[in-house]
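Okay, so chain A shows up in both of these, paired with chain B first and chain C after.
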Partner chain A sequence: MTNLFNSKLSVINVGVSDFAEPIISYNAKVINVDWKPPGNDEKVARALSLLVNSPEVEEANHKSFQRYLDSQPTLVGVKPASKVIECMNEKTIMHSGPPITWEKMCSPMKGAIIGACIFEEWEKDHKSAEKALESGAINLVPCHHNGAVGPMAGIISPSMPVWIVDDPIHNSTYFCNLNEGLGKVLRFGANDSEVINRLHWMKEILGPALGKSLEKLEPLKLKPLMAQALHMGDEVHNRNVAASGLLLKRFTAAALDADIKSTIISELVDFISNNDHFFLNLSMSACKAMMDAAHGVPGSSIVTAMARNGTDFGIRVSGLGDNWYKSPAPVINGLFFPGYDSTDANPDLGDSSITETAGVGAFAMAASPAIVQFVGGSAADSIKNTKLMSHITHGHNDAFTIPQMDFSATPACIDVRKVVDTSIMPIINTGIAHRKAGIGQIGAGITKAPADCFSQAVIALAKTFSE
Partner chain B sequence: MNMITGTRIIADLYRDSVSLMKISSRLDSLPNVIQASCIMATPANINLLLEAGLLSSEIAAEPNEVLIAIEAEDKTSLNEALDLAENELRQRASTNSNREQKSESSEPFSQEMALDINTEANLVLISTPGPYAAAEALKALKLGLNTMIFSDNVTIEDEILLKEYANKKNLMVLGPDCGTSVINGVPLGFANVVKKGNIGIVAASGTGLQQVICLIDEGGGGVSQAIGTGGRDLDSRIGGLSTIQGIKALDKDQETSVVVIISKPPSLKVVDSLIKKVKKMSKPAVFCLFGSNIEDPKVKNIYITETLEDAARTALSLSSNSIEKNIAHKNETRILELLNHVPKVSNNGRYLRALYSGGTFCYEALSLLNGKLEELHSNIAFPKSTLMSNPWESRGHTLLDLGDDLFTRGKAHPMIDFSIRNERLMEEASDPETAVILFDIVLGHCAHTDPSSAIVPIIDQIKSNKENPPPLMIGFICGTEGDPQNLFSQKSNLKKAGVLLANNNAEAVRLAAKVIENL
Partner chain C sequence: MTNLFNSKLSVINVGVSDFAEPIISYNAKVINVDWKPPGNDEKVARALSLLVNSPEVEEANHKSFQRYLDSQPTLVGVKPASKVIECMNEKTIMHSGPPITWEKMCSPMKGAIIGACIFEEWEKDHKSAEKALESGAINLVPCHHNGAVGPMAGIISPSMPVWIVDDPIHNSTYFCNLNEGLGKVLRFGANDSEVINRLHWMKEILGPALGKSLEKLEPLKLKPLMAQALHMGDEVHNRNVAASGLLLKRFTAAALDADIKSTIISELVDFISNNDHFFLNLSMSACKAMMDAAHGVPGSSIVTAMARNGTDFGIRVSGLGDNWYKSPAPVINGLFFPGYDSTDANPDLGDSSITETAGVGAFAMAASPAIVQFVGGSAADSIKNTKLMSHITHGHNDAFTIPQMDFSATPACIDVRKVVDTSIMPIINTGIAHRKAGIGQIGAGITKAPADCFSQAVIALAKTFSE
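After this line comes the complex of A and B, so read on.
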């Protein structure tokens, strides 16, 4: 108080903006806060106030963030899921997003799971597959619970080949399925013979060829590759053109070196070069590695996963163990392919928002002005979006820089406290699936994470300190 | 007449209650609009609209939406008013610019963001809805910032928590329910424009603080700091945490040579410990504590006064190293002088009706009239007066604090919005039992920009009623020459309207008592 008398008064005004006027007229400094009730709920506001600038949380976040920065996701191989993922030994299928029962799944996810049952030859047709799933004969588990991630429906079944990404710093391993391309594909719920045949080709030809090629390569550090792609106009979520090209460059030489038939190399090059999203699944596993490194620090308010299963949107928080905090999955604001509109859209789907969680994707939107066009925005908007996100992150990741912003680092590691305090919601770039299984992608756009799950997390985190 | 009501919801928009009330009162003043309200659609606010008859049934709206509800005489007027409201609301939104479009140059969304922009900030002024205010205040303290809580409806448990935390961190909590303060010469909240000087004030009362600084300014003195502590600070549960901190700070402050301590009825135990602390002070201290009957401790540096006026005058004389003698006698003489100007009360009324916008004035009046007038009724609890069970109906001598939540529900404070007081003024004037109406006019930042224009038309209307001879109207203005409303023209407008103007509340109350005694 005595210090206050001896210094120049400088005010932060929270609430009635008119109170700033007399202060200004006395040449004292005043900043108006554009205040909204945190979480629109007194209990949330209260819980938040206990966490703001709390030394325990700050220290935990610092530790969590450092682990995120330290992680070094490295591509080491491609193998069938059953060989490398523990839970894949039985009749088990992994899906995207937080845990969900068969009954509550959206139609594209159901279609994809039925397709996987047929692909695995557990069931011979749709009807019997559906019956088996209804009876609970097949285990359905989230990718996120098993060190894995998957775009859209995110289906991984035991004989599917998966990327294997090691984090040697934290001695852990992560997985993601291989990208099938656009159009009629399993991850959008398509499951006819064309889709199943492609999955077989990926299992028998593509997977082994990639695996063999990789043996000829030094373990491939993914962060430098992603950083390079950011400088080439990708944000490595919804735009992976550059990264996929960079990856193909490495693979072509390695495949030629390996003992692979030239017809197969030609198929491989053809498949990858025709799929601009081929890198997405690697970007996602790298991001999963970084975020799992940050997970599990008691007291930390850093978000370590944002994931959607087409029904729920869920987040996990470093200091809150394996719990998910869920809200209904939002509908996406975007551009639709001709013949479709928002009434055809499935609510938000897939684990790919792990990219935003790790500070790329929409958080690096300024690197990828082409993406903003999905919502009719300008290049300037892409910079604004990235800057806006920096208000809700713990820090910035020097590994990822943005040429357009004078090579400043991307905002990284969302802090639930800041999301609730500012009402700025994390932005996510994403594809839009048709609500009916099998039609595929019908558009792309930008969505915001729903507020309520962050409020729940703030309440839960505050509770861990009061207990 | 066929009245119709209509509503409109604006999604995902937050406006503070003062902005919303301003828009509401603008809509109210439209021709053909019966009543109108813009609210944040919380369950409590929706209930208010249901009670007011602005909603006929429950409405599906979320707390993060603004609900406009209007009752009008016809459909065209209704739609026009709804459009106008929506425009006003959206305009404010666009001048504040869209959240999405914001870059680093625009308004921050949280205290932490504000602190990033201005790392030298040292005080957070909080006027959010009450239940959120404690949380914002705790955030401020945790960020190492002093805080002034303008908001009311903060629980006493929260107040204790905040003040104890602040004490540990050597930070200050002004409030809650702190309407006014002057820190380093800068007015905060509803504050008057006063000269800088050597009198420091600690007040557990908003209008009490305003009255004292105005009288100091009028008397040629100045204010070093005026610290509002919130009305409950001298409650035994709080123990005067902020008051004690304020006194200590003023004792150390080189600009301050006299300290004034004001409170609504305090806890005697707290006052005892306060006096013990003040005794150790090197500077003289003037106390004005209503309803406490504290004995003069007979210590050299402590002065006990009965009224805000006396406190101001004592502080003024101490600040110039002289001691004013015979204050009581001088007061008496002035009242007698004023009485000469009082016209004969022409009706048959016998009672005083005091309609205050400043709560402390009501306490002061009750304390002064105790023993002078029988049968005092009020909506605030005070020793030896009756707490009214129905404050909407006056009985005997009635003294009202119209800033009470009961009267202000859904409306702005009566210092800003005159509608509640004007209605009551009309009622009291038409009550044949009323002999004298007493009212205050508070000037300063954030108060009504031209109060005389809000009240004079009602007074004119009362006087024009030939069937019912008007009661005597006594008023006083709490304000300074520096205030934005122009003190001089406010005075002359009220005088022209026939209001007998006293210098301050104590004088007005004593005058009113004499008039009634002489009936």
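After this line comes the complex of A and C, so read on.
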């Protein structure tokens, strides 16, 4: 003891950093370790202790994970939303993220919905559209509640063409709108005539041409295509350049085979060639199919959706039915285009985090070192991120391998228990929208899911066992 | 000293391993370091000492390297070889590698040349073709002597369509044949009717369609396209899947714009879509342009060509004119397709090692971790290989960056002095042909250039200073 008091102290302080201050004041060296007890509050800790090492949860998770692995999302068609999605028969618009009222919606989502009302010719101008929306004359429902997903504002209205993705293994069907490209586009809240005209072209020309082409193709299994893109530097969330190219190859061959005018094929090829994000909406549909397959297993703590509406960040959990567990959507501190910074940024937006939920996107970031140019970080970070995520997933998906990690499988299926227990939050590669409608994308970055919604889910899941 | 004699010895033995034997016989631990004095023999060592630290060589290499960096290979057309390559006016066939007589050619090269004679309708059958070739009635010249390159046997005959690649900076033009795909193809020595029929289709349909499409495209700069492919997991020698896709995008759009029948566009799209190596021949033309730009600087020790004819492995050096320095072509110990092993393998073959000469291929292997599936090794090896090559190059090429190494530039322009000084041999990713004509590719692997030709070049370059 005398020895200890006489020697120069080097102290490691774990947890509450205030404890270190008196030691520092006596000139000792202190390293602070930022640590919190799992769950962060007593109620959560108690719920977590009920679920950790529970054989019931383990068994449910295995079942859920196996369904995820078994699913075989397959592109089968392109049709107007109204022909294939039940809720689209009425004056209804679908949006991204958890349910939200018109009043609480962020500005880019409002702008996009106004644009959709004008595109559908339900309203003549912005003012009358806003009035109709305020009055509740138009139904606003989440994509996720209707087997669909949409990037950013995620707006799908009845006349819009949608990708149709079947999962023949689980006998279910999923949908996503078509990608409009970058710049001034509806999904970022833009709604001027340029945007509306493009939507009309997509409805009248692109959608039907893709549909006709698809009739000449064998049903297209999407997982092998995504896997190939991972070997070509995509992570199929914010980098889709390889996947879009692979898709275009198939479509060009099919379009030339189908009864389509060559000027239209030309337009189709130009549009897809110049949009390196074109595949994103198919990647999202495939991920939605995989995660819905994993959904609905009683007792399972696997996250089956992470989605943002620009106001809330919400998750769904396999064993917790249709409930959403929500936190305020975070603002992303990413790489901003010249002239913008985080004060211009809208909080996190879009259903595209379904890709991370399904084990690609930021979870497969090691496959995509080039994406650091877009979202920030180094090549080593991209490998670190993928490795980190394996601490909070149930397993790995052999269908998606990473050359940079000697073809090891991507970590997949987030377990809410592990998130709360480790305080490692799921990471998401995401685009950043301007908080005002119509300006569009102003940057991209890596964000973390907020912690609170996972804690809520742990409490709710524990309740299902005590009921 | 007494201490030393009484303690247990651990010895590191550098160089001649025989020196370690007596020590081992006394039960001491010995680690042998495989080291040889640079140059390996006195004559080479003396020549090397003349060149190392020579300001004249340094200056010449800088000039040569700058020309390499400045070159801007640009795809401008596709035409029959006879219309654009002077030597193709006569009964002449071009082949890969250094010059070689008919007698000394390997079997796949002979098979390919016989095929070309039949394709050109100079001879009716194999027998008469062989006779004509033995009699010397048909000229056989290296591609490299005529501004051209060709993969594997590298056969170009007058009617074959060739890529035309201009370097407007150095006012020069380069050529390569079109890629036939994998399997039973002329470049591996196959010459049956399936092969000849495909060559006719390429001459009559593919070549003209590509040529017409190109008229609708801006002259296509190849370095940016190669750079983009490096960001998508290609090394543009043995992996060209991304580059071929990027090229197809441009050609499809252009073909639809040109006056080409849609059935022909369909054939073109199918052919290129199903040949992930299609871009290789353009990558090679671009590399030939870059290296010929660097060639012909007196005193420069930069390697401007590495090429194999299946019998000899030859190099050319910027300061050594048109001479070739040759070693026997090595047999590659790679990954063999089922049913084959190294006893079936033809020695190394083809001009495609021009890609490594120009700093891509195996030199950019870190960009292409997925290629280890094809050539062997691990992801870590691919980074190690790229780093290792920077010990023997003059510099790095900022036009080609590697996401996996945080966008560092590829090592480029091999310096013969450094190869001899370090005994680090240039590595090459290569396909392996069966030693019998007509069987085709039986594997792929990573090979090293043989040492002796570099030593010869060092001696020859030293002579140019003492003359």
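By definition in this document, the second predicted complex is superposed on the first by the 427 of 467 C-alpha atoms of A that agree within 3 Å, B and C clash if a C-alpha of one lies under 4 Å from a C-alpha of the other, contacts with A are read in each partner's own complex, and residues count from 1 in each chain.
Note that in this section a residue touches a chain if its C-beta (ideal position, glycine included) is under 8 Å from a C-beta of that chain, and two chains touch if they have at least 3 such contacts.
These numbers were taken from a predicted model, which means no experiment stands behind them.
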Touched partner set for A:Asp125, first chain B, second chain C, both or neither: neither
Partner chain(s) touched by A:Gln404 [first = chain B, second = chain C, both, neither]: second
In the superposition, chain B vs chain C on chain A residues touched: B
Chain B versus chain C as contact partner of A:Gly233, first or second or both or neither: second
Residue ranges of chain B touching chain A (in the complex, touch as defined): 14, 16-19, 62-64, 96, 99-104, 106-115, 117-118, 120-129, 131-136, 138-140, 142-146, 150-151, 170-172, 183-189, 191, 225, 245-246, 248-249, 252-253, 255, 445-446
Complex contact set, residues of chain C against chain A: 231-233, 241-242, 245-246, 248-250, 252-253, 256-257, 262, 265-266, 269-270, 273, 369-370, 372-373, 378-380, 403-407
Complex contact set, residues of chain A against chain B: 1-5, 7-19, 21-23, 26, 28-29, 31-38, 40, 42, 45-46, 48-50, 52-54, 384, 387-388, 391, 418, 421-424
